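In what follows, subunit A forms one complex with subunit B and a second complex with subunit C.
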Partner chain A sequence: MAVILKRGEIPIILFTVVSGIILFSYFTGLIPEVADELIGWSIILVSFSYILGLVTLLRYHLVRIRKREKYWPYSAILLAFFLMFLVSGLLGGVGGYEGIAVSKEFKDFLWLHMLAPLQTGVLSYVGFYMYTVFFRGARTRSWDIGIMLITAILLMLYTAPIGAAIWPGFVPIGAWLKDVANSGAYRGIMIGVGIGLIALWLRAVLGYEKSYLGGGR
Partner chain B sequence: MHVRVFELVTFALLCLLIYLGIARAKKTKPYVRPFPALEHIDEAVGRAAEMGKSVHYCTGWGGLNDEWAPVTTAALAIMGEFAKACGKYGVPMRYSCIRSHIVPIAEDIIKFGYDTGGHPEMYTPDMVYYTSEEQRALMSAMMGYIMRERPAVNCIFGATKYETIHSVGTGAIAGSMQFAGTPRLYYLPIILCTCDYALIGEEVYAAGAVVTGEPHQLGSVRGVDFFKMIIIALIAISVILSSAGTDWFQRLIEFVAG
Partner chain C sequence: MAAKTELGRFPTADRVIFLVFLILISTPLVVLIGLPIPISESTRKSYELMNSLKSGDVLVMCFEMDVGAFPALGPGDMAALKHAFTMVKEKGIKVIIFGTYESGVKIYIDKILQETKEYWESLNYGVDWVNFGWIPGHETAMATFARDVHTACSVDVYGTPVDELPIMKDIKTINDVTGIWYTTYSSPDMLPRQWSPLEWPGLKWTICSTLFGTVSWLMPYVNAGSITSYVADQRGGAEYEVLIGKRGLGCKFMDAQSLGHIYGIALIIGSNVYYLYTHAKKPKRKEE
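After this line comes the complex of A and B, so read on.
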């Protein structure tokens, strides 16, 4: 039995049957409840993998601490905060209820006043980097990248109020780039993406594409 | 009950053309335009070996349980090629992973790469670093790793979101040679600006087939090209007829599409 389950054909058959049912439901409108049920299964199955992730995370950091590897104090800090958040999540208050061993105020302090600002801080890097990318990292090696950089500058001047104040001509140029050139290229690429997606699905069904099964299959 | 006839016919036609492309490839190996991003994997990993530094890889936010599963699959295929090159040149690799269900698959792919490359002793399970399911954790982990270790090669392929900017942005500051590709168009400008080699849109899906070099995989890419030619022809006819002042072709398409 174990030998049969380890055969490479089993996951390919499962993939083909499940994706086939979902596609059949999409195209015909029949058996939508079966398709929804299968999609629900995937969510449940993936939930079990969180345990695997937890074990992987703990193993990685515990080994680093035990071997006193480079930057091991970071691993110790991570594990300490991991335990703190785990305990506050499990035993902290929810809604109007007080927690069992951790007060709701302490839980709110951890989640709202500690984690949320840190997350916002990490995310704010996006805005900062987007505006400074041209000076910090742009690698203009070819004329087409140069065209893209000029286009980006024109669009920035179109979007920013100062652009129209410098020269009103930036407004129609920016609008044309956004509505005509950008929309046309976007649609073209999206058609290609959709076709490529179907091709990859067919390769997986025919058993040629096996990356999702791991290496050496 | 709503039957999507037009979509079904289009889907069937595309599948047929891809199948014909594969069948034809079994007789003669088709030519597929080389992708610079794939052609330079060996060169980049060789540079990492000379510098004594690592290769960092990430497949971004997407997993195998969502609508981004196909592109994650393609990104894992590309990762397999990087792992083989790392195994060949004896370069350590690090994969930052945000999806716990990808962890065993990635471990298997990297282990197989080191086995195939000739340095199986170099593989360790901690090459796959699971950061939790939280996107900000992935961003922080990648930025921290790239700035501390300064990998010679930094790659991000797949269904990537904001973490693209964090990865390639930090990689540019760290001076890494960068490879990236995503079908998510919001992040293409930043990729094109900061990366040495990029895959745009559908190229990521095709790359998963091209890296194998197998005729039937290349045949599927040719099948896709046939279908694209049909679409281009339809667009050209539509543009010519619309410019000539007639809209019967447009009405025909609208009628067929329901």
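After this line comes the complex of A and C, so read on.
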């Protein structure tokens, strides 16, 4: 029995049957209740994946702290804040309900006035690097780069109101670049991605693609 | 010349670039420039679609957002929320709010609702509008919502079962929804895949509010009709603020963006002038 359960074919068969049912239902409109049930299962599985993520994260950083690996204090800080947010979420009440052990005000402070500015700050940090790139990297070494830089300048003048204030012609030029030229390139990328996904699905069904099972190719 | 990437050890030129950038984008917070904001066709169309909602129509506002992207898409979402809640009061539309993305949806929704409190606090929660917070599952949750709303949205953020919410009584599938405002700071693919007006005859339109770089990604969907319209980034949010007559954060950001972009263009031009000048002085090598 144990040998049968360990066989690699079983997860591939499960994958093929489940994905086949959902695809069949999507394209034909038949057996929607079966497809809906399977989709419902996936939502439950997603919830369990968070628990798995939690265990993995805790294990990884606890080992780092125990072994005093390089930069281990960062792991300690991460775990401390992780636990603080976890406790505030679990005991801080949901929506209008008051928390059991943590006040809603404290929870809101943590989430809205601590986490939110930090996340925004991290994202905004990219902006500063971009301006360094403008100075260091945006140099016309070839015609291709020249075209790219002119396009970038036109789009920058299109998105900022000052562009239209300087010359209203920047608006239709920018709109054309965004809606026509750039979209054409994206359409090609999307078709490529779609074909790639079909190929990946076929490889998985035929048993050539096993990376999703955790065993590599 | 090589840039040192360790924190606090940037070359002097980079520090100067950062400092000037910081001063420029902070200036509009003190001194408003107030440049006129031309309204794009897509934002105007989005506004008109929202404004076309009538009494009893149902608007779904799905925010696939992380609070980190608030400066980019928050102004547009808040303007749309203000517009929606005003229509709840004036026209009697119904509004359903939630998000399915894994990262920070609940915090984001809390934040934009906190910022628009004056617009919804006098409304009847559970009858005029409802907030389901975060529904786990992302695209699978969206697929479930389309086919069976009550399964996807089983309880609201207060823990009230969906069957006890009067607003949800007649909303069983996505065909009972009139329009969707969908905000995403990542892939827009899920919207046309799961909630396309071409697939669901009851759904009249969908609007995608997204980052500027993503607009080109969703344009093929817009051209095909599986997304009806879009609002692009901070700029689209500012335009929406102008359209509803409530200038706010988005319009303030536009001044900062104008200065920032001009600074960026100046850096590109300055850098190229310097490069061409120094390049012209160097003897030409064969490889070049």
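One rule holds in what follows: the second predicted complex is superposed on the first by the 158 of 217 C-alpha atoms of A that agree within 3 Å, B and C clash if a C-alpha of one lies under 4 Å from a C-alpha of the other, contacts with A are read in each partner's own complex, and residues count from 1 in each chain.
We adopt the following convention: contacts are C-beta pairs under 8 Å (C-beta built on N, C-alpha and C of every residue); 3 or more make two chains touch, one makes a residue touch a chain.
What you see is a predicted model, and the numbers here were worked out from it, not measured in a lab.
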First, second, both or neither for A:Tyr186, with subunit B first and subunit C second: both
Partner chain(s) touched by A:Ser124 [first = subunit B, second = subunit C, both, neither]: second
First (subunit B), second (subunit C), both or neither touched by A:Leu112: second
Touched partner set for A:Thr159, first subunit B, second subunit C, both or neither: second
Partner chain(s) touched by A:Ile43 [first = subunit B, second = subunit C, both, neither]: both
Contacts of A:Thr28 with subunit B and subunit C, given as first, second, both or neither: first
Which superposed partner A:Leu149 touches (first subunit B, second subunit C, both, neither): both
Shared subunit A contacts, counted only where both subunit B and subunit C touch the same residue: 42-43, 46, 119, 122-123, 130, 134, 136, 138-139, 149, 152, 186, 190
In the complex with subunit B, residue positions of subunit A that touch it: 23, 26-30, 42-43, 45-46, 49-54, 56-57, 59-60, 63-64, 71, 74, 118-119, 122-123, 125-126, 129-130, 133-134, 136-139, 145, 148-149, 152, 186, 189-193, 195-204, 206, 208-209, 211-216
Residue ranges of subunit C in contact with subunit A within the complex: 3, 13-14, 17-18, 21, 35-38, 40-41, 66-71, 104, 107, 110-111, 114, 131, 133, 136-138, 140-141, 143-144, 147-148, 151, 156-159, 212, 215-217, 219-220, 223, 232-233, 235, 238, 254-255, 257-265, 267-268, 270-272, 275-276
Partner subunit C, residues of subunit A touching it in the complex: 32, 36, 39-40, 42-43, 46-47, 94-97, 108, 111-112, 115-116, 119-120, 122-124, 127-128, 130-132, 134-136, 138-141, 149, 152-153, 156-157, 159-165, 168, 171, 175, 178-179, 182-183, 185-187, 190
Residue numbers on subunit B that touch subunit A, as the complex places them: 1-4, 7-8, 11, 14-15, 18-19, 22, 63-65, 69-74, 76-77, 80, 83, 99-101, 103-105, 107-113, 115-116, 125-126, 128-133, 136, 139-140, 143-144, 148, 162, 165-166, 168-169, 172-173, 183, 185, 189-190, 192-196, 200-202, 204-206, 208-209, 214, 216-217, 220-221, 223-224, 227-228, 231
